[in-house]
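As structure tokens, the structure follows; a few thoughts come after it.
Chain nomenclature is as follows: A, B, C and D, assigned in order of appearance, with residue numbering initiated at 1 for each chain independently.
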Amino acid sequence: MEELTVGLIGMGEMGRIHAQNLATLPHVRLLAVASRREDARSAAATSLNVSRLYADYEALLEDDDVEAVVIAANTSDHAELVIAAAQAGKAIFCEKPAALTLAEMDRVLSAVRAADVPFQIGFMRRFDPPYARAKRQIEAGAIGRPVSFLGISRDPYLPAPEDKSALARGNLFLDLGIHDYDLACWLVGDQVVQVYAVGGALVYPQLRDFGDLDNAQVTLRFANGAIGSINLSRNARYGYDVRTEVLGSEGALRIGDVRQTALDLLTRDGVHYGTYPWYQERFAAAYRQELCQFVAWVQGQAEPAIAGEEGRTALAIALAATESFRTGQPVELDEGSHIKRHRIAP
Amino acid sequence: MEELTVGLIGMGEMGRIHAQNLATLPHVRLLAVASRREDARSAAATSLNVSRLYADYEALLEDDDVEAVVIAANTSDHAELVIAAAQAGKAIFCEKPAALTLAEMDRVLSAVRAADVPFQIGFMRRFDPPYARAKRQIEAGAIGRPVSFLGISRDPYLPAPEDKSALARGNLFLDLGIHDYDLACWLVGDQVVQVYAVGGALVYPQLRDFGDLDNAQVTLRFANGAIGSINLSRNARYGYDVRTEVLGSEGALRIGDVRQTALDLLTRDGVHYGTYPWYQERFAAAYRQELCQFVAWVQGQAEPAIAGEEGRTALAIALAATESFRTGQPVELDEGSHIKRHRIAP
Amino acid sequence: MEELTVGLIGMGEMGRIHAQNLATLPHVRLLAVASRREDARSAAATSLNVSRLYADYEALLEDDDVEAVVIAANTSDHAELVIAAAQAGKAIFCEKPAALTLAEMDRVLSAVRAADVPFQIGFMRRFDPPYARAKRQIEAGAIGRPVSFLGISRDPYLPAPEDKSALARGNLFLDLGIHDYDLACWLVGDQVVQVYAVGGALVYPQLRDFGDLDNAQVTLRFANGAIGSINLSRNARYGYDVRTEVLGSEGALRIGDVRQTALDLLTRDGVHYGTYPWYQERFAAAYRQELCQFVAWVQGQAEPAIAGEEGRTALAIALAATESFRTGQPVELDEGSHIKRHRIAP
Amino acid sequence: MEELTVGLIGMGEMGRIHAQNLATLPHVRLLAVASRREDARSAAATSLNVSRLYADYEALLEDDDVEAVVIAANTSDHAELVIAAAQAGKAIFCEKPAALTLAEMDRVLSAVRAADVPFQIGFMRRFDPPYARAKRQIEAGAIGRPVSFLGISRDPYLPAPEDKSALARGNLFLDLGIHDYDLACWLVGDQVVQVYAVGGALVYPQLRDFGDLDNAQVTLRFANGAIGSINLSRNARYGYDVRTEVLGSEGALRIGDVRQTALDLLTRDGVHYGTYPWYQERFAAAYRQELCQFVAWVQGQAEPAIAGEEGRTALAIALAATESFRTGQPVELDEGSHIKRHRIAP
């Protein structure tokens, strides 16, 4: 198996995670990095042996030796970057979400289809070992027919206020919730037809200035009658907390744990154990595995795992949740929000 | 401390649980039982040494030696029984819910107030050791200000269809959910102003004939902005499953577990442990403790733990959830649905 | 089923636990209490409605209305009391150990056999729900043939030095370890042929003055080749800790947990949960259940659960462990230390 | 930081684990592999891009571009290989144990000292995140003074009988137990003065032909009086099971879990979760981290983590356990078996 030459666009927090994985994955060569920041470029050169450093992404896309790109720039730039990369004929891995509006997302999907290039969105949770196993068990019938989905996604703290990119990532429903919408559709195996959301800026009132919130509860109704409920928060002081349950007609699955390592400290105060500090630690294996999958797909060794349209579906739910939160009413998802599910295995 | 003489009305499943506890609690004498069923009466006589057996409740209420009554008859008879017991001057413990409509509940509360008798509703979960501790920890500030409540209540199977009393107990939102509404208000420490509910008869379609359902998700909004979410199901094949989480501004509490005993079996198939088969096993200590509390209150040894109006609040939420399910719209709770919370410790 | 009239001898810590259970068990009447302490007798009268109060045990044994006795006096008096009770024709429940030497124990067993009265030793752990289930699972073949037994028994602190009865209860190998020897023989289903012990007064050096120790490791060899290991400590600051594992040829069982209630507190420090403070909380159900079993046996409703000879076996192991600790050598158990195991179900 | 060029000797199961890590670690170049098997060499060339392939280790040691070697050949060849590598001036990482007798080990240590090269033994458990944290917590005083060590190491099955190298790896006390002896000394922070062992070929009687066994219990006494107990087995049908507890004067630590992923399946049979199938999955991070540490040491970026003499200590305990098992007596460790402990942090 030959090496796939990859170019990385963006060297922020997510970019550095992907860079580290690309530099050490088998069958991959991290050939080029594009970043506006000089220090990020030189770090890539010295610590990861990246040989081609670009100050802007256009130059990277013009590099014919780059076969595939990993896009980890600011969320607000994702759509533009994917379209340009598709037009340049690159295979594309893009962090979630690939766009901030449905219209933008439709342009993204058109560009990808027109170029006929591989396109994978960074729904890394699907590649986390317990989630991947849960999916297989559901497909094997272990819990019967899924009827109820419960998701918890809680960040331990607010993105730093000076981090402008944080706001550009979208509100709580989009930035944090999008993984849960994707998991819900994927694990329940059906499409969402209605969304209802409540919440508020209950701990960080300053978020109201941006129309954002810190705690929310999103209710989903699926076409087949199944129900879903997603709890989002940015004040899980105790650690990064992502857990999921799927209740079926014959059993249930519980996925995820706040516990980071198998170590208990027992003292006069009782038993104590530590939690995942942040998403990088919780999903380290998943971030690595999603790139393995992408590389294998591009090299013809694996089926695609995530359809681009699934990114549109999750985005549509996030926007519907936002609208429901604003109006106080349940929001129906129309037909165009959905894709026909085709069987794709992680 | 003298013995309190108690009469028990109703010897169905719940009645037998209370009978067993009343027969073995200190400071209590289970003097009388009223049941229409002859076999139930003779069982009380022989296995519990109950000396006064009544075929109807009126005779029991006329027995002047009975100081307090425990009402565990059919739910549809609760209101009538409480009113009669109040008029007879008895201290009253009544299984939840004390009424099936708000009008009926108001008559119950009026009768109790007029008679000025102790009146406690069977919200036994408050007396379960982990719930009682959680309440104390919240009051001690361990998690800061509660902002999000998550409740799961799942029965392992449907009440037998031939059990007519099951249907008379109210629908899923009332019969199963009422404990969670009470816990939500009690643990969050605020009143609910809006209710939204989705669900369906997803596993037992025959429930549709009775307007009932087997899976539901209820969303609560509190006056202070806090949010709540309650997952109800009647198809937790794996066992009786009641769990609760309260997320606060500074931490969180997780209450309850499906595991019944501290025993793991490890085989080629991995690790296996057993669950609570049903509510009696899960809440055995709580059922006992709520009666201890009631007895102590009647005997002037303790403050009241649950106000009658709290039963009205939980009922109002159940009815609002039912209405929301029917109309598909969020339902506001008006002022009259609520009580001013007064501090009462379990 | 008639009531069994029971007399209780001894109202120390263990006596009060048994008194509370005897006062509230069905089919039992706690008729009499013998205690040298006047305050203990009057407490029994007022809080438990015990009507016959004796200052010495002889008077209680002469009371013909007392059918059965529960012996919870100082350990050093157990043997004398059992012999006297047997001669008085009472059914006997005796706290462990029934004697402090094998010679004494043999006299106890002779007296019981001569009188042909029921005699049960307080190995309550067998009646703890997870232990009882573990036994049934082993007998059902769930783990194949047991080959390795691991026991942990740790007290959270030392008995108070002013508590003279503590020293009279025997050293660490006897007072704390005896339950584990019994569990080991019961769960492995074979007899111990060799004992080796190490340990020391590592945390409370004052124990050396009494020839006692606070931490020990006891190794057992069974006749069939199986091995056992028991860890004893008196400085489990974090709580009362009793856990057991049995490894078999086809699987394993893990029994017990330090966690007391299903409640997690999650804060900036991670996850915290509480432990059992002391044995009463951990084995509350077991203390109750062992008396139920005893009563049922005396009343002809159940088979005996524990043979008197099993008490001798556990004592022999404790004494061998003490000898091994002193000499530094493994100690063989001769034939006379053992009983032929007969199948008795809890 | 420059790349360290590494040569790997041996491409069996352990060799392949190290090869995979060396091929993807930053700052490392896996330049050469020595293996007698042609297919192993060509696999290294094609899947790991190793450019220099040697059929025997002498050629690899003569390659001046190889700065460090990782020795993962048959255990019986370790000593010879380390000595040769030291004489060739290479930095040396060697799988445990580095020798099968103390005399051999002394020659190894002399050779390493004479050559003054870095030498690290593959006690990977020290680098497993929960073990590394536990060590830091003990050093920070979290549990007071360690007084009792409990170790469990259980393999799920016997090495295949046709695997001759399995027998050459040493018996149960050496091959499986050596990690626990090292952990015990490292975590308790003292030296072992006495060893006692019992056990047998209880599940695989064919092991008796090789003087080997499948279940054992090893008791340790430390110079400061602390005690240790290690349970070894090769029939943990339920999975790979490595757990450790350290009880201190003020608290305790529990390390490790059989659970592999945070996924519960809940069905009519209760709750089920999966276990680690084998050591590679359990210690994947540790195998990677120990090489990171070795590389950092060789490159002058870190202190040595494990002294060569610590490998001798663990070997001495394994041999003493074997002797104790044969003789049935406790075995004293003489002075020469030990090293003066110097503080080295992982």
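Please note the rule applied: a contact is a pair of C-beta atoms (placed from the backbone, for glycine too) under 8 Å apart; a residue touches a chain by one contact, two chains touch by 3 or more.
A quick note: this is a predicted structure, and the numbers were derived from the prediction, not measured.
Taking the mean Cα position of each chain as its centre, C sits at the greatest distance from subunit A.
Two chain pairs, B-D and A-B, are weighed by contacting C-beta pairs, with A-B ahead. Centre-to-centre separation of subunit A and subunit B, using mean CA positions: 41 Å.
Taking each chain's centre as the mean of its C-alpha atoms, subunit B lies 56 Å from subunit D.
Shared contact sites, meaning residues of subunit B that touch two or more other chains, fall at 236-238, 250-252, 259, 266-268, 274.
The part of subunit B that touches subunit A in the complex is made up of residues 147-148, 150, 152, 154, 194, 196, 198-200, 202-203, 215-217, 219, 221, 225-229, 231, 233, 235-238, 247, 249-252, 328-330. Per the touch definition, subunit B reaches subunit C in the complex via residues 23-26, 47-48, 129-130, 133-134, 137, 142-143, 250-257, 259, 261-268, 274.
In the complex of the two chains, the subunit B residues touching subunit D come out as 236-239, 258-259, 266-275.
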